[in-house]
Every structure is written in C-alpha cells, then in structure tokens.
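Note that chain A is present in both complexes that follow, paired respectively with chain B and with chain C.
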Partner chain A sequence: MSNESTTEAAVSTGHLGAQAVTIEQEIQSFLADRTKITVPVDQDLFASGLVSSMFAMELVVHLERTYSIAVIGSDLKLDNFRTIERMTALVSRLQDFAAAPGA
Partner chain B sequence: MKRDPEGDRLGILGAGVMGTGIAAMALGCGVSVVLVDIAEAILADARASINRQLRHAQLMGAFPACRAVGTLSTTVSIAAVAGATAVIEAVTEDAAVKAKVLSALSSIVAAGTPLISNTSSIPIEELARSVERPEELIGAHFMNPTYLVKMTELIRGPQTGDATVQAVVSLLDGWERRAIVVRDAPGFVTSRLLHPMINDAARIVGAGTATVETVDKLMEGCLGHPTGPLRTADLIGLDNLADSLRVLSERTGNDAYWPCELLLTKVAAGNLGRKSGRGFYDYGEVLS
Partner chain C sequence: MPESRAELRAIVDALVGDCAASWDLAGQLPNDVLRKLGSNGLLCAEVPKEYGGLGLGSQDGGAFTAYVGSLCSSLRSVMTSQGMVAWTIQRMGTQQQRYEYLRRLTGGELASVAFSEPEAGSDLSTMETEIRWDGDEVVLDGKKVWTTAALYADLIVVVGVQGQAGAAVIVPAGAAGVTVERVANPSGCRAAGHANLRFESVRLPADAVLGGGGQPLSWLFTTALAYGRISVAWGCVGILRACLSAAATHAATRRQFGKPLAEHQLIAHHLAELYTAEQVATRACEHASRCWDAGSPELVVATVLAKYVSARGAARGAAAAAQIMGSAGAQDGHVVARAYRDAKLMEIIEGSNEICQLILAQHAVTTAR
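Let's turn to the complex of A and B:
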C-alpha cells in the first residue's frame, strides 16, 4: 500500500460517517487483495482498466454477500460500481432501506 | 431492417459454460429458449448460472432495453426442441459426442431448421456426416461470455447451403451479433490462432521463463490483448481447451498443438479455470 493512496483515501472519506468509512475501507481492502493495488476511493476502476467486465460481477456478488444486500433493478448498473465511493453510497443506501420500518 | 427475434424459439443442447452463455444471450434479446441436458441436477445448476449471467449482462448494459427477457424452459428430453426456429448444439468438444447429438437432432427437427454446432475446432464437414440434411448444418463459434462478445465466427462447411448461411446470419443479427463467415478447417480462424498461443503461453510458464501474471501482463501491455492468454484460457475452460488442442493436433498432424504438460496437469487435478474456481489463476470460488 503506498502512502500517497492511503492519504487520498483518508482525505476523501472525511465527510462520511463511521459506518461508511468502514465500508469504504473494506472495499478498498478487497480490491487491493484481488488487484494488488490500493486505489483511491474516487478512481474510475473501469476507465483505468483495473477492473475487467468479468471482475465487475465479482464485485457485485462480493458486496451482496458481505453486506447482506440485493442489488436489483435499476441499481444493477456499472455506474454504481465505477468507484469505491459509489459502491459505498450504494451499500449504505441499500442497508438503510433494508433497516427502514416497513421495508 | 433488423429482424425482430421475439417469437423465435431457440433449442440448445448442452447446459455447460457455452450452452448457458448462449441461452443468456438469446433470452436477453427476447428469444424463448429450450435448454436440454442429460440430468435435472445439471439443469438446476444451469438455471442458476443463466440467472447470474443475465445479471452480469444487465450490469454491463449488454441487452437492448426495449426487449423483455425471453422465457427459459429446461428439460432432459431432446424431443422438446422439435418446432424450434433453430437448434444449437453446445455439448462437449468431442467429435463422437457431437456426432451422436447432431444425428438425434437431425431426425427430430423439421426440414428447413438450421442446425448449428458451437464447436470451437471440429470441422463442419466431419460433423455433417452425422446429419440427414448436411446443407442445413453450420458452425457458429460463440465466445465466452457470449452475451458480451458481439461478434461470432460462422463456419460454412463444404455442404452448407446458402439458405442456411443467410438464415443464421439473420438470426444472429436479430440477437445483436455480427457474423463473420469463414470456410471450414480444423480450428477455423480464431481457435487455430488462439489455442496454440495459449498452449505456448503455458509452456513458457512451465519452463520457468515467466510467471502466469507476467505472460498476461506482457501480452496486454505490449500487444494490446484485452485479457492475457492465460486468463482467457481460464475463461474458456482448460478441459475444453485441451480437447480443442487435441482436435487441432490430430487433424493437422502438428504435434506442437498437442496440449502441453502444464495444461494437462491442471485438467487432471480438476483445475479447469473460472468454472471450477481455479485454473492458471485462483478465483477463490466457482465463477461462471
């Protein structure tokens, strides 16, 4: 893990709640484990070529299993998985929805 | 004007990696699919796999938004493909197995129904000996994942009729696939070029010249391959690749095409690529 990317990650998670920071860090760790690179949370994973179309689906399944969510309907689109930030936002939203009364 | 495939009914024989991928592609284009294999357990796995592939296709925006997903039915009865618009066989890459299935299909489907072999390397001329109407047999070498790869290598055997070529090009066009027609030969174009290269990539790893990752990185970074040869091998399935290389070697007389030791060792150990969770790379779990 480079110091530079760690710093960027810390800076850009400054506005998030503790739970979202944890999600961001976990996704970053999962990506680092699989790609051997620690990426900034706002880096476009697909434009940079870091994530292939095949790995994209592995990311979806990983998030569903790790956070007990179901990514369905219009949420199942590449844009929601383009950056760690976007994945974090999606997971947080789906978790909030699942926890809401009557959900 | 593009042909509207809704209302088409596609029969697929073989619910493995390619059969399920072709099914997902057709379903996403609004085509109804009858998928046939020899056991209900295989078909249950196939239904789950097709659902995963349809999700993957949706994630990648691979299907026309205006079409509703077609209806999938699965069965162990080959007779269920009677009345299909076209039938694709996607069984094991073994000439004897394919010949047996094509012979049975030929007696079930009506005259005028294209019979399509999804072989990656067996000459269509050879398979045509097993069917009643060789002019209606054609090869279509789909790639994996079928629902993401928009081009299909179409193989015209010496007896394949013009009407069959035109009908299948039109079918593929309706499924948003562009067909490129080639003449018949062992491995056609893509397998003849790709599979020996993968075999040599594995030899390079076996000889200790470079690691799996390094071979792929060089082919990606220097030669612009979207996926390196060994990651591609994992996607194809190493057992299928070994079968295809045997076909190539036996039919060309070129011993260099015979699957190399590292490839055969992996197949013998059950490390077949993404579909078994491990091949040249370790995926941690079974991925389709």
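Let's turn to the complex of A and C:
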C-alpha cells in the first residue's frame, strides 16, 4: 500500500500537536497495512465493519507494543477504539500517565 | 518459590504420581492436590510475581502446561480455566480488582469462567445471561453449561449481556442464587469438574464487575479465549507426547509375526504420523508463544492456528496411538484411552475446529495481497 495516501489522509488533523499527528499516521498506516484501506481519522471503524473483535485485539496489542503502554481495565472500551482519533487520544493519555511523576 | 522447569515438574510429579488413571475413573480430582498446586501459584503460572504468581512467560508457561497435559488432561483443563480467569482479570480488571483477585488465585482459591449457554455455543453472540445494574449493585440471571472446573471453583467469572454491551462479573460460587450441577459422565477430561450453572437474581457489589463492565461482548470472550486457546494448544502437545511415548515403547517391544510391531510398515506409518503431529503441534505452539512473549499482534492469529493444529493433531494422533496399542491401551484409565477421549473434546472446546477454520480463512482473505 502506498505511504503517500496514508500521509495525505492524515493532513487534516489541524489543531493536534506534532506528536499526536505522528500517532495518528502510525495507526492509520497499521490499519492500511492490514485492511488495504486508508481510513479517515474520524471514521467509525466498527460501524463500517472494518474491525472484527479479533482484529480489535491485534490493535490493542499493537498499540501496547508500539507505545509501551498497557491498555487494560476500564480503558478497554469500544469508544476508545472507535476511530483513529479516539485511539490517538487514548495513547496520548496513557503515555502522559506513564510519564507523570509517581505514576 | 519454584523457578526452573525441573522444579515445577518435580512438584507436579510428586502430586500426580500414577494417580491420573484413577482420577479419570472416579471423575474427580483430589481437593488437596488442587489446593497445593493453587497455593503455589502453579494453576496460573503466568500471573506476574507482584500478584503472587510465578511470572512465567508464554513459552515457559506453555512447556509446563504441556507437561501437566501429558500426565492428566483433567488437571490441565483446571489449569486452563484458572489461567483464563487470571488473564481476564489481568486484562479487564481495575487495578484494585487485579490486586485483590490475582492474589487469591495464586493463594489457593480455585476459579472457572462461564461462557457457553444452552442456546449459545459457538455463536456466543446469542448469549442470554444478563448482568443489570440495580443502584450500586448488579443482578445476575442466566444459565451456563459445561463450565470447566466449576465443580471445584470458589470464584466463577460469568460473562453476560449488559444493556447493549457485555460485562464479566466475579461470582462467589457460594453466593445466594447460584446453583452448580455436575455434568454427569463427560466423555473426556472426566475429572475436570464440568458443571451446569444457574444464576437466579444473584446480587453482587459493583466492584465484582470487571473494569466497570460495558465492554463489547465479543471482546470479553476474545480476550479470555486467547489465553484458553494457547493453553489448550499446549495441553494437546502434552497429549501427543504421552501418546508418542506409550505407542513407540509398545511398538518397539511388542512382537507379532516374529518381529517388533515397529518393523511392520503399516504400524511404522502410524508412528510417523504420530511423531509428525507432535512436532508440528509443538512448533505451532512455540511460534504462538513467542508472539505472546514479544507482544506481537500476530499472537491473535498464531494462537488460533496453534489451537487448531494441536487439537486436530491430538485427536488424530491419539487415534493412531490407540490403533498401535490395540488391546493394551483399550482399557478406560490407560493413558492412551484417556488421550483418545480427551483429545476429541479439545477439537470442540475453546473454539471448535470449524470456528478456528472460519477465523483462519477470514484472516487469509483480509491479508491477501
């Protein structure tokens, strides 16, 4: 799959910081690699039938390994994985939590 | 705390000895054996050390599971159940739930996880068991069938519907409204404590709901079954090793038509197939466990592949072993007779052969280049 289309589709992230844009692009690229579709960052992945429960688990494991985070407990909610934007927010929050003093 | 594979095996050898046959015939594992293994953390050996577990990785845990599976599939099934509960709590539970319950699971309490229902087998999406909020409590109603190890369990994790989503609750087996009925005369893993369960207006505190509930139902069983499948897969490797050992020894020593069975080509064919099944299952399990230990997303599909290859291999391998053994292995309780019955169930539980095939075919289609 072309990396150009992945990059193009992620350009519309506007107000997000550079780090979040990078996370969005990386997740988009992972999805594109597995599904051969470049998904807009605000598209509902479950409503569109793109992500099965088995693939959702792959996504969780991928995010955990790539960003050195643990997605467990009450963070394992559909809403946190519904779009690339939501996943990016989840990753950013968990990274901040891990980086916080005394965390 | 035991560390090495040899130490773990020695503990199990001392507790199991040559009793697996009599446990199979009685349909019951001794309580003290389960409690001793449980209180040493050996029934869920992959629980991290901070929660009282041995902290084994998937490869070491798998090797241990295969060893127990080679001795007694009923005991291995109890381990699979305990490990599935621990894994589900580790993934889905809050920090407080992990701290409380994982320590209990490594401290001697026994646990099982309830999925299947009278009308929801392979199609778990048709689950009817309901977990509904009532103020700051939840109320559980429903029926579960063929829940492995439930007969021995102190705690039962019940997966059910909660509104539009799902939830998993930790239920004390002795709670008011819980009925546990033994499944009579199961054809395999006869001492694994299968039970049918009824929950009638069982009231539980909010902190019994894993992670607060509201997860997609499919995520709950995909998570729990991932552990269950890798555990069953390694258990099948154990079945194959026990069969290979018994059949190869018999074929080398039993003489017919003036020579050992092994020198008859039709028997050699069975032996080759059995050896191949053991090796292929081992490699598939090793690969999947390496994916677990590396945190690779491939673990999801590799685990289904390992379960499918190992269960099918075990059922065919055990049948070949029974054929080689002839009357010598045809008595209930014999290691090969047990393997033959137990392996068939492994093709059914934790995702039947056919469900595994559907998942693997779907994967092949979505990843086609």
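Heads up, the rule we're going with is that the second predicted complex is superposed on the first by the 91 of 103 C-alpha atoms of A that agree within 3 Å, B and C clash if a C-alpha of one lies under 4 Å from a C-alpha of the other, contacts with A are read in each partner's own complex, and residues count from 1 in each chain.
We take it that a residue touches a chain if its C-beta (ideal position, glycine included) is under 8 Å from a C-beta of that chain, and two chains touch if they have at least 3 such contacts.
Remember, predicted model here, so these are calculated numbers, not experimental data.
Upon superposition of the two complexes on chain A, a steric clash is found between chain B and chain C. Looking at the superposed arrangement, the partner reaching more residues of chain A, out of chain B and chain C, is C.
When both complexes are overlaid on chain A, the residue A:Glu64 reaches chain C alone and has no touch with chain B.
Contacts of A:Ala100 after superposition: neither chain B nor chain C is touched.
In the superposition on chain A, A:Thr35 contacts chain C only, with no contact to chain B. In the superposed model, A:Ala18 makes contact with neither chain B nor chain C. Of 2-10, 164-172 or 254-262, the segment of chain C running into chain B after the two structures are fitted on chain A is 164-172.
Overlap of the chain B and chain C interfaces on chain A: residues 52-54, 56-58, 76-78. Put simply, chain A touches chain B in their complex at residues 52-54, 56-58, 60, 76-78, 81.
Residues of chain A touching chain C in their complex: 34-35, 52-59, 61-62, 64-65, 72-74, 76-78. Put simply, chain B touches chain A in their complex at residues 52, 55-56, 58-61, 145, 148, 226-227, 235, 274, 283, 287.
The part of chain C that touches chain A in the complex is made up of residues 90-95, 97-98, 165, 211-212, 214-216, 218-219, 222-223, 226, 294-301, 304, 359, 362-363, 366-367.
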